[in-house]
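These notes open a run of structures that come right after.
Okay, so subunit A shows up in both of these, paired with subunit B first and subunit C after.
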Partner chain A sequence: MGELLQRLKPRWLEKRLEPADSPAAVAASVVLAVAAALAVTVVLFLAYGANPLAAFYELFHEPFGTLRGFGYTLAGAAPLSLIALGAIVCWRAGFEYLGFEGCFVLGAAASAWLALAAAPGGWLAGLPFPFFLALAIFASAAAGGIWAAATALLRVRSGGNEVLISLMANYVAIFFVQYLVSWPMRAPGSLPETAQMPRATWLPFLWHGGRAHAGILLAVAATLAVWALLKKTRLGFEMLVMGANLRAARYAGIPAGRRMVAAALIGGGLGGVAGMTELLGAQHRLMDGISGGVGFLGLIVALLARLNPLAVLPTAILYAGMSVGADAIERRTTVPTSITLILESLIVLFVLAAELLRRYRVRLPFSREATEAKEAKR
Partner chain B sequence: MNTAFWVTWLAASVRLAGPVLAAAEGELVCERAGVLNVGIEGTILLGALASFLTAQATGSLTLSLVAAIAAGVLVNLFLAWMYVTVRASQVVAGLVFNVLAVGAASAIYRLALGGETAQRTIPTFPPVAIPWLSSLPIIGPVFFAQTAPLYLTLLAAAGAHVFLFRTRTGLALRAAGENPRAADAAGISVERMRYLGVLVSGAMAGMAGAYMVLAQVGFFREGMVAGQGFIALGIVIFGRWSPWKAVGAALVFGACDALQFSLQLSSGSVPPQLLLALPYLVTILAISGIFGRAGKPAALMQPYSRD
Partner chain C sequence: MTAPAFEMRGIVKRFPGVTANDRADLTLEAGEIHALLGENGAGKSTLMQILYGLHRMDAGEIRVDGSAVRIRNTADAIRLGIGMVHQEFLLVSRFTVAENVALGLKPVLREGKGPWLGLAGVAERVRALSERYGMAVDPGARIENLPVGVQQRVEILKLLYRDARLLILDEPTAVLTPGEREQLFAALRRLRAEGHTVVIVTHKLSEIIALADRVTILRDGRTLTTVAAKDVSERELARMMVGREVDLEVKRTTTERGAAQGEPLLEARNLRVGNAIRGISLKVHAGEILGIAGVDGNGQQELAEALMGLRAAQSGEIWLRTGVSEASTAVRNLRGRSVAELRAAGAAYIPADRRGIGSVTEMTVSENASLIAPARRRFFRSRTAEEAAARGLIERFGIRVSGLGQQAGKLSGGNLQKLILGREMTVGAKVLIVEQPTRGLDAGAVESIWRELLRARAEGKAILLISAELEELLNLADRIAVIYEGRIVRELQGAGEGHEIAALRTEIGLSMAGAKKGGTQAEKANG
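Up next is the complex of A and B:
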């Protein structure tokens, strides 16, 4: 296939020894990728008989032009950005963890257990909210963190592969939560779900009547913490070295195994807190399927943010906003919400593919270099 | 526990194991070439859609099966390009492709339906009893009174074994997955072998999707694959990258799945989730490295570049 391409390759296209990595080249390839993804979306809008301009307006007007829609956008962005930040900590330390679905549901389960204990008559009844919140953050982070650290230990101690282990471990965690809501934590009723969390344990809403909750503030705090960890601390620096070159890190005397477990504890912990914000901020009830795939969508946000913690929040807000906008489009036209899934995944795929463009350079027949090359041949 | 219980349970295990086994056999060939194709989850969904739409348009089951396989090959041509030519991270490209497939399947399905909301059903493959073999006690009704796609899947398992271990190309493909540099030096085109592996997994995943639609449920739903592609990844590991052991691994997964239904019907004492989680726990143990090397192809997930 590649050889065939080589043979078909026009003469003015020349392979570079190293991919072009100047900021301009990277920016150009990203812009091209986004433009290509948008072009595909326009075609889809046309296929559904929608006016593309009006559809794009709709896509962004509801989430960013209305207070109600913006509330939903912020509520959706909170767990997404926490998972993306967790993924960044793990991946930049060279720990390719994919188990955030598991961390998310376990964090939600841990905080549901605490919140139900805070109901009147429970052993946490009457605990002031700030103390309860601190406890819930700690418990959900511990649940997610220890879950991810178990996978890290398997990799460090016995050389297991974290990609495959974490994909399988997701199911174990999901079945465990399914068990919890169908047996020990099940509320009377026909559906396998817990009772509604006591009102006193809900994350406060940011404004009256809106759906935006304090989870987004936790995401802001986590962004600063992850940025500081990676840029300002020794632990973070050692993680980055491991991610860049594990063998070099070992030669430099970094205890790579321990650092990897630490990265898993922090990253998985953020995934657990994401589950807590969804439960106490949005759903207020633990049920099967509470994650709705957010453990994987958060990874896409991390990739779109190019694993840069400071870019996570804007990306997550844009992503969550497009989902809210897509719901609005679906209500008004025949265009289905899945259009945002297509747009967002195409952007990531095209950005990855644009990497290929940077491995080539265009040399036009009459450009200076080409003429010089001809002269040299003579 | 009488014979009837065992026969019903085992036959249900085989029935449930069928589609994931088909996907797993293709994935196995692909992983032997050194590529972890996580995108089979999305490919199964697109294969299911292709077979459903073709069945609706033509009414031919064979044509629908062929359409699903063709769709699987086509989308995996793109995935192979991402994995092999672009040399993108296999895990990232595969996972993002799965999200794309969910979006695309839903968009195409609605476009084809044109606003109709009623659930359309299509005819399905009837069970075919194989003469003589199907009259054997226990084994007969369990294995030899199944539908045509299951027989095809078992043939594919045999084919995968013969291809990987009895042909030159199979040897070259395995070399590309174990030590691509050495394979390259020996004159094997690592690129070509890996494209081949990904396309085989695409064809089989497309077939798995058709299997679900044409022999299990008879309709299409957007959430119908629900992680079965990931189960296939588990089966490949649990079966230690061997086509025959994968058949056994798929049966274990299918048996736990089938037992769940019987338990739910008979009593409420054993939580079925425990059983459902069991095969995943065993798979985790198999890949954990605690019990020695699992037989993972040495260059799995590593993009190969000559320079």
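Up next is the complex of A and C:
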């Protein structure tokens, strides 16, 4: 097999000892990956008889070229980026947590409970919005954080596998919220959902008539906080050491178990706040299926951002924008929305596969090094 | 004049940012043992990997028996009679010796017809080969039950089975007991007598003098010279390799023993760790180096980790004269305490696994300099403080780095080890647990590590030095305890005045192989 590969490999391709990891190389590989994904999509557009140029225009014009569309884009990007940031905290500390769906719905449920209590006659009625918001952030973060920390404790104490436990725990949390909206919190009516949250508890919209809400500002704040945590604090440094080399962390005297639980509290907490922004910013109603898989899409955003907190927001906005564009494309052309899903998936696949490109160097026959080598041979 | 058996001429190999080989030459005759010597990074391994087809050269020429050949992969190399034994053995531990030999054989060499392996035939030939070269091996034995020395024989037999005329051995004695080493040397001499060519890649000068016919010295990717081993001394070899005078006989700064030593700072009493440590007691005094001799895997790592709180000890006591400062002198039993507590009590540890445990290879030099908690601030990191700490270490310990932001993993072994050693020595610990500090390092680095350890000793630190290198212990330790299967089987005064070093060496060598106290016969490494 190895020999076969050796033969198939063209002479002008040379393996690098270490992947090229300069920002330029990374950017180039991402651009190439996106271009490749777009190229494949062109073929699909053609297959549906759509003009690719027009289709791409629809795809990107609506979410980024119109104020209305951009509002939807920002509204979608807020929970996505909060979850991605939570994933970054967990993963870079070496805690491979995948339970953000659970954190998200529990965070949404906790803030729904608070918001309903703030309705006239409730025990929080009349609380000024800033206080209510602080309370909602705290409650949703606590719900998500404690939920994730439970998985971390299982790993630290009993050596459980956090990937399996957190995936399974997602179902528990989702069924729990299903129960909440079906019985205790159900509003009179045919659908299993709560009553609409009181207007006073909604996250403010960024501009009149747009769907963009203050959740995106929370995401910006969280970005800075996560960046500072990882770069500037001792706690963050110790987490990074754990993620890079758990044995070295233990050797250095870092209490790895406690730090892992801390990472879960912070990461899961961000997941919970993501649920809060979706509930109080966009849905205004707790219902079954409120997450719509955002707990996993956020992980993709984290991966595409290469676990760099500063890259999360742009990635999340691009990703959320493509979902908005997908709807537009279906409305205006003959192309089904699923093509956008395919495009999104292709981007993920190609970006991840493009890592491979950075392990090779192209060495053309007329390049400087090859010429030198030839001369040395003579 | 016939052409040399193997010849490498003007070999150039560039890697991104480094030229590993820069017109290196190597000539190998049939029936010789040829040593390849050079500091880490001198290009020895790359040169051998090119010969074995693991890398392609950028320029140069390889000739076998006078005619130019192309070696594009290991299959080409094997076809030309070139074989290599890596430092890490490539054996399937659940397979038998014969199965391992049969693994990956070309159909032509396979004994069986059609789809059949013909293992019986393979076993027969392995037996014949092992008798011919004096390398006793049972073809039916499973690898996992064989000692390291015998596994190495299997690797060599694998090559001989494939009709290798040239055997390249990378650091072959690093994992062997002194007894096993002698057996290996005997086998290599036998191979030489049969007309085979043997290349040993090594740092150990004494072995070159003892074994090799000729030595080729590489420096900075170039061939410096090739000399007959009988014409040079260890000191000359070291000088040629490093490019300056090297003092291999580091003398202790304080020669007095006993009186100079202070109170015990570290004491273990009847310590038990699973099956690995079966009741070990030891005491290390201030200003003393206690050496722990033994072949790898006899509980050394477990001992170090247990003393450091990294591994749970089931019973026994660990006493540490606690407190980093002079003022606090409480003595506490610290078994079962965390690493952080042991570090706070004044213990520091230089692990054998520099890249896997002692450092975070993907982090920078300055981050690694501040890896240990006591070296860091309480809440916020301070980049300036981290960099100042790193600069201090770099200056004091002569660490060569391209910058403070360089990835620690990209440092050479010697520089990385100096970084770890420096960090552990400067956090104010009184007790240093040092495990295999010079493994894989070149002579220049070994020299400076030894100096630092002696300096720490002179400063009054208590040092537990765990090493598989007898020379190291004889050079540094005040007392030497021999560990075998989790027990201390012998304890001796280190080599000093009035002690016959040779006698001591033999005695320790025997104990390392598990011989009883006062035993006269080395147990055969393999039954």
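Convention: the second predicted complex is superposed on the first by the 324 of 378 C-alpha atoms of A that agree within 3 Å, B and C clash if a C-alpha of one lies under 4 Å from a C-alpha of the other, contacts with A are read in each partner's own complex, and residues count from 1 in each chain.
Keep in mind that, in the parts below, a residue touches a chain if its C-beta (ideal position, glycine included) is under 8 Å from a C-beta of that chain, and two chains touch if they have at least 3 such contacts.
Predicted model only: the values in this text are computed from it and were never measured.
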- Query: In the superposed arrangement, does A:Ala353 touch subunit B (first), subunit C (second), both or neither?
  - Reply: first
- Message: Looking only at subunit A, is it subunit B or subunit C that touches more of its residues?
- Response: B
- Task: Give one of first, second, both or neither to describe whether A:Ile254 is in contact with subunit B, with subunit C, with both, or with none.
- Result: second
- Task: Using the touch definition from the top, say if A:Phe175 reaches subunit B (first), subunit C (second), both or neither.
- Result: first
- Task: Considering only the touch criterion stated at the top, classify A:Leu98 as touching first (subunit B), second (subunit C), both, or neither.
- Result: first
- Message: Once chain A of both complexes is superposed, is A:Pro336 in touch with subunit B (first), subunit C (second), both, or neither?
- Response: first
- Task: Go through the superposed model and pick first if A:Trp183 touches only subunit B, second if only subunit C, both, or neither.
- Result: first
- Is A:Ser158 in contact with subunit B, with subunit C, with both, or with neither (first, second, both, neither)? first
- Query: After superposition on the shared chain, which partner residues are touched by A:Ile300: those of subunit B (first), subunit C (second), both, or neither?
  - Reply: first
- Indicate the residue numbers of subunit A shared between its subunit B interface and its subunit C interface, in ascending order. 2-3, 17
- Task: Quick one: which bits of subunit C touch subunit A in the complex? Just the residue numbers, please.
- Result: 10, 12, 14-16, 23, 58-61, 72-73, 75, 308, 310, 338-340, 342-343, 349, 351, 356-363, 367, 371-373, 376-381
- Query: How about subunit B: which of its residues touch subunit A in the complex?
  - Reply: 36, 38, 80-82, 84-89, 91-93, 95-100, 102-107, 110-111, 115, 189, 191-192, 195, 227, 230, 233-234, 237, 271, 273-274, 276-277, 280-281, 283-284, 287-290, 296, 301, 307
- Query: For subunit A, which residues are in contact with subunit C within the complex?
  - Reply: 2-3, 6, 16-18, 231-237, 240-241, 244-245, 247-248, 250-255, 361, 369, 373-374, 376-377
- Query: Hey, which residues of subunit A end up touching subunit B in the complex?
  - Reply: 1-3, 5, 17, 44, 47-48, 96, 98, 154, 158-161, 163-165, 167-172, 175-176, 178-179, 182-183, 296-297, 299-300, 303, 334, 336, 338-342, 344-346, 348-349, 352-353, 355-356
